[in-house]
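Let me begin by presenting the structure, written as structure tokens, before commenting on it.
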Amino acid sequence: MRFSWSQDQQAFSDAVRELLAKEGTPLVVRAAWDAPPGHLDRGVWDSLDAMGVLAVLVPEAAGGLGLDETFLVPILEEAGRVALPHPIVETAMVAAPLLGAGIGMIASDLGGPLVPCAADADRILLHQGDTLAVTDGDAVELTAATTVDGARRAATLSTPRHPEVLTDDPAVIALALDRGALGTAAMLVGLGQAMLDLTVDYVSQRQQFGVPIGSFQAVKHHLTNAALALEFARPAVARAAWSVAQSTPTRARDVSMAKAMASDAAELVGRQALQCHGAIGYTVEADLHLYLKRTWALARAWGDTAHHTDRVTHALEADLPSA
Amino acid sequence: MRFSWSQDQQAFSDAVRELLAKEGTPLVVRAAWDAPPGHLDRGVWDSLDAMGVLAVLVPEAAGGLGLDETFLVPILEEAGRVALPHPIVETAMVAAPLLGAGIGMIASDLGGPLVPCAADADRILLHQGDTLAVTDGDAVELTAATTVDGARRAATLSTPRHPEVLTDDPAVIALALDRGALGTAAMLVGLGQAMLDLTVDYVSQRQQFGVPIGSFQAVKHHLTNAALALEFARPAVARAAWSVAQSTPTRARDVSMAKAMASDAAELVGRQALQCHGAIGYTVEADLHLYLKRTWALARAWGDTAHHTDRVTHALEADLPSA
Amino acid sequence: MDLTWSASEEAFRADAHRWLHTNVAQWRTDHGGEVASGDTREGFAQHLDWERRLFHDRWAVVSWPADHGGRGATLWEWLIFEEEYYRAGAPPRVTQNGIFLLAPSLFEFGTPAQQEGILRPMAAAEDLWCQGWSEPNAGSDLASVTSKARRVPGGWILDGQKTWTTRGAFCTHLFGLFRSDPDSARHRGLTYFLIPLDTPGVTVRGFGRLDGDEGFAEVFFDNAFLADDAVAGGVVLGEPEGGWAVAMATAGSERGLTLRSPGRFVVTAERLVALARDRGDPTLRRRAATAWMHAEAYQQQTLATVTTLAAGMKPGAEASLAKLWWSELDIELHQLALDLLGPDAELEGPWSKAWQFSLSGPIYAGTNEIQRNIAAERVLGLPR
Amino acid sequence: MDLTWSASEEAFRADAHRWLHTNVAQWRTDHGGEVASGDTREGFAQHLDWERRLFHDRWAVVSWPADHGGRGATLWEWLIFEEEYYRAGAPPRVTQNGIFLLAPSLFEFGTPAQQEGILRPMAAAEDLWCQGWSEPNAGSDLASVTSKARRVPGGWILDGQKTWTTRGAFCTHLFGLFRSDPDSARHRGLTYFLIPLDTPGVTVRGFGRLDGDEGFAEVFFDNAFLADDAVAGGVVLGEPEGGWAVAMATAGSERGLTLRSPGRFVVTAERLVALARDRGDPTLRRRAATAWMHAEAYQQQTLATVTTLAAGMKPGAEASLAKLWWSELDIELHQLALDLLGPDAELEGPWSKAWQFSLSGPIYAGTNEIQRNIAAERVLGLPR
């Protein structure tokens, strides 16, 4: 029993964190808000690709790193911490195990009807009836959607022409959906941490009534509540990474628990962060909104809390002796 | 439009408050915990009877005061404020309109399977199949129940011998149930107010870290939250009193809203009151527990919050145009 | 206790209902069916058109005397009007900071000349007023304002900066607090000024609120000369250096019922009950009923408050409780809306706009943390 | 990351499981099937019998060295034992204030003679320890204790009063903080004493907790002479006047995992999931799953914590977060239980007892308000 990332896992995600601190700044997120469809800058993305991040889950024989989700999840937490606008969950977590290494940037409708970065992706992974299929970006008609998070760059898709069917195995599809939910949960924990850190800094500096507002008990308690939710969501996500990596019998339940808790935690942190920032946070000039809006979007992508709680309910009830 | 008690209504409930401040002290509640079944002291009860409280809803022609629920509800709030152990809701609110004046003390199973003061009552009002019936106390076998609130003096009943059927009119039965829920809601608002007042006094006196604990922001916010819930539950109860008195078409919905909000408010006040009292409140030596336990009991009697919320849901949905 | 409306109140409701239903539809049609947010330049102009239609038919400020463009409606009628207003789907009032916040203070503290000169153009949406309270370092702590006013012959010199001024970039006038006694501290030595925004030396820069609309502005005062007669009746409201008391009255209006009447919440709750019924999820249906009860309780509590006001009592610290309730209710309602929408919650639209707006409720008009302090100290009497 | 148990851990689990299932049933049978609350006189005696059965088969203090009656189990094994303990429906530990609170401090600060003399009788439930922290005017503000200790030849004279001492009326010994330097203030000048309750001049008065059980006591010290050798190895734990540091270590144990291992919450949550399934209400089923997730998250977070402890790190202020979580989780679980029971929630019974007990969680071991301050200042680094 050892409930912590290994040295290798830690070292890899530390390296990603360092890279993202330099190349994944809020300016990158703002640029993603502003770039026209199809023009998402790939600077950070290419750096992540060069580090092998996109091929973590691809077998070595197929040109990947041959590692598992316990490596990728801490990395995705780092991606969440900088609100990375690129479809890293769709590409590295969901598509790479199906399509292999060197697949470019993949968008997908598996997480919901609004497809992030659809116009920017090289290919699109689709949930078509009972199959998973893949198609070139230009084989689908896109309608750009206006969403609360401009950096998500979401679009809806028309039915594609001649998609290539990858599989009709329900187990493979279920695993892809679980991977997407797990990766998104990791992003949400990272987003929550980013908002908490930003707010701790802010309330330690901001003075009102002659003292830093972080010295008021109400502010302390808001932020402790935020930290508390994160502190207990994080292990749920780590455990789900293990369950997916090991294909444990509780995989689906554990992923759903991770997604529900991470969504709730990040949303709570966001609420407290905004409230503690006050009017300063309630502007697009402050960076907070970049994280906040991504949180709102991801909390409902890949299944919302009600959906995942119901999955947990069913898994638990199925394990009970009958009444 | 005038959303406040009339001078007459106010004067009546002020008189009751004065009486109860003298005769309905915590000692009366403690005595009710200790008295054996059938030996509930009737001192305060007789005084209330002498004031006409038990016959408020009885027509003048039948020896009552010929008033309506907008008179009785503020009085029941006062009864809640002292956690009156006697079955005043069952007697004055539910039974008196059916049985008339001078009926003594009435217990009833309309509020749930645990019948308060069953062994102390002169008669018992029963929900028998689709009828309301009444029986003498000694025509029923009682099994004393041990409940969290000893002053409730609850028992379960066996099927009575030869009860006298009062009515099988569903409208009359529905009105009796609504009256019980409304009266209980009023008691809960009074209980909440009592716990809030007790706690405001306590935190203003109790010193820790060299200051009254009521000066800490966390304590202030706990008690503001408590006051807030009460401030908005009280008008819901007052409005429901009007709706019952006037037999408005929204009566059932308004009563359920009153009961749900009063239950939730009183439970919230109780939580904050206990927390702000700390260990001192967590003893049977402090009076707080007398109010707290009655709150728990009444919040679930005459339908709990889920039951009443569902009634509101159905009433609201029935009013909607179809989808 | 009498929860019935009189015949004349019912008649008033019928009039309002008729006018609103016809005119809301007409206004939307005239602007091509879809109206932009009132916090964008395009939308603001469309909303001004709406405000002028209201004024033209004397529905802009129903509770004001007829002299100033109103109907002398009672508080009860005003409540009825508000309920019908939201039920008709009429838009948010872009004039609200003038008519709901400044005007009550003008009625209380203004000279007859000020009332005469300022109120009617405000009601007519000719003069558009914004609020100049906050400064970069004076948010919750309003008493720490440092913007200065210096008396000079014939007027005042203003220096400093205001910020988070709602719709400041689209307005013509600002009311705000300035420190006129340089040696004063905190609540003393502040004066409440009425200022045309085209005063030389005043610069306005609009910027984006959370939802991206240009709903905020910074207002810079750089040696700006404000002539005593720059506003009809004079530029000082109340006494010089007596600004705090006037500002507190304005803030009371902001927290209390004039800014956020119950109608809008009840109507929103009703829509959510319908959405939840259609969605079918039992948990969400129950949550919708709970949210509706909270909205309806605000309605009932308001009736109780108006009863005391109609009897001549002054609004007190209880306004803090009302502000806590409606601001948190608004979030409850819109959180539920997003949960009902599921993945579509991400789309820009009326619900997501309103959700983002609801998040500002616990911040503006004095943060809810401050309101909880006020309620604890002044309603419950807890020690400071 | 490796979330599998080793073969020896699985074997340990199997042993514990077997012993507990057999012996819990046997113990209940031996006491007529229904056991009273351990916080009543009758129930305490029954629970002592249980404690002695545990000790007899070396399950009382699994993580202690064999010398003191344990099995030298690892922290991992201890967690496994706790999980099996609650899963078997074994009763609350009436020895907990000794074995879970005092003992860790004895291992850290006690002399070999103290450890030798005190631990084994404690594990054997011969010496029964209660905690003497709080005083009538020192609750949350523990540093304001005024009970005094005065050095005299051969011992100490104790004066003062402790209160809210859990199970004090049934115990034989008390550990507590006394002010030994009369000129000291706050955290300084306090000494941590180990005191037999039959010391002349010590009076114990039991009184009723919220649930009516005699679970609390007041302990009065009236010129009580505590001989240096009244407890084997000496009556002072740690240095004289160094009591605060020892007490803080004890408090850390109280907040952290030793007092409230995750097993009991997970087992309770599983029962609620079953109750909710049988009750059928979709909202309550969803709430049960949520509560289960919160319990399971505590389990997982504990595994993460134990991983760092097993690697030799010291527990830190994060214990405050754990205390907030388990205490509020316990209320969430039991609130749900009451809602599932509906009108039957009013009946005295295991669920209503546990509900009332859960309400003490945010109060004892340092109120949750204090824990939130600690977490904010020491985990997040917010200004004091």
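Note that the chains are named A, B, C and D in the order they appear, and that numbering of residues resets to 1 at the start of each chain.
By our rule, contacts are C-beta pairs under 8 Å (C-beta built on N, C-alpha and C of every residue); 3 or more make two chains touch, one makes a residue touch a chain.
Computed from a prediction, not measured in an experiment: that's the story for all the values here.
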Chain pair showing more contacts of the two, B-D and A-D: A-D
Per Cα centroids, the chain farthest from subunit B: A
Subunit B and subunit C, separation of their C-alpha mean positions in angstrom: 40
Gap in Å, rounded to a whole number, between the CA centres of subunit D and subunit C: 53
Junction residues of subunit B, two or more chains touched: 216-219, 221, 306
Of all residues in subunit D, the ones touching two or more other chains: 281, 283, 286, 369, 372
Partner subunit B, residues of subunit D touching it in the complex: 134, 137-141, 144, 163-164, 207-212, 216, 281, 283-284, 338-339, 342-348, 352, 356, 359-360, 362-364, 367-369, 372
Residue numbers on subunit C that touch subunit B, as the complex places them: 1-6, 9, 76, 270, 273-274, 277-278, 285-286, 288-290, 292-294, 296-298, 300-301, 303-304, 306-308, 318, 321, 324-325, 369, 372-373, 375-377, 379-384
Residues on subunit A engaged by subunit B in the complex (per definition of touch): 216-218, 221
Touching residues on subunit A, where the partner in the complex is subunit D: 1-6, 9, 70, 196, 200, 203-204, 211-212, 214-215, 217, 219-221, 223-225, 227-228, 231-236, 238-239, 241-242, 245-246, 257, 260-261, 306, 309-310, 312-313, 316-317, 320, 323
Residue numbers on subunit D that touch subunit C, as the complex places them: 281-283, 286
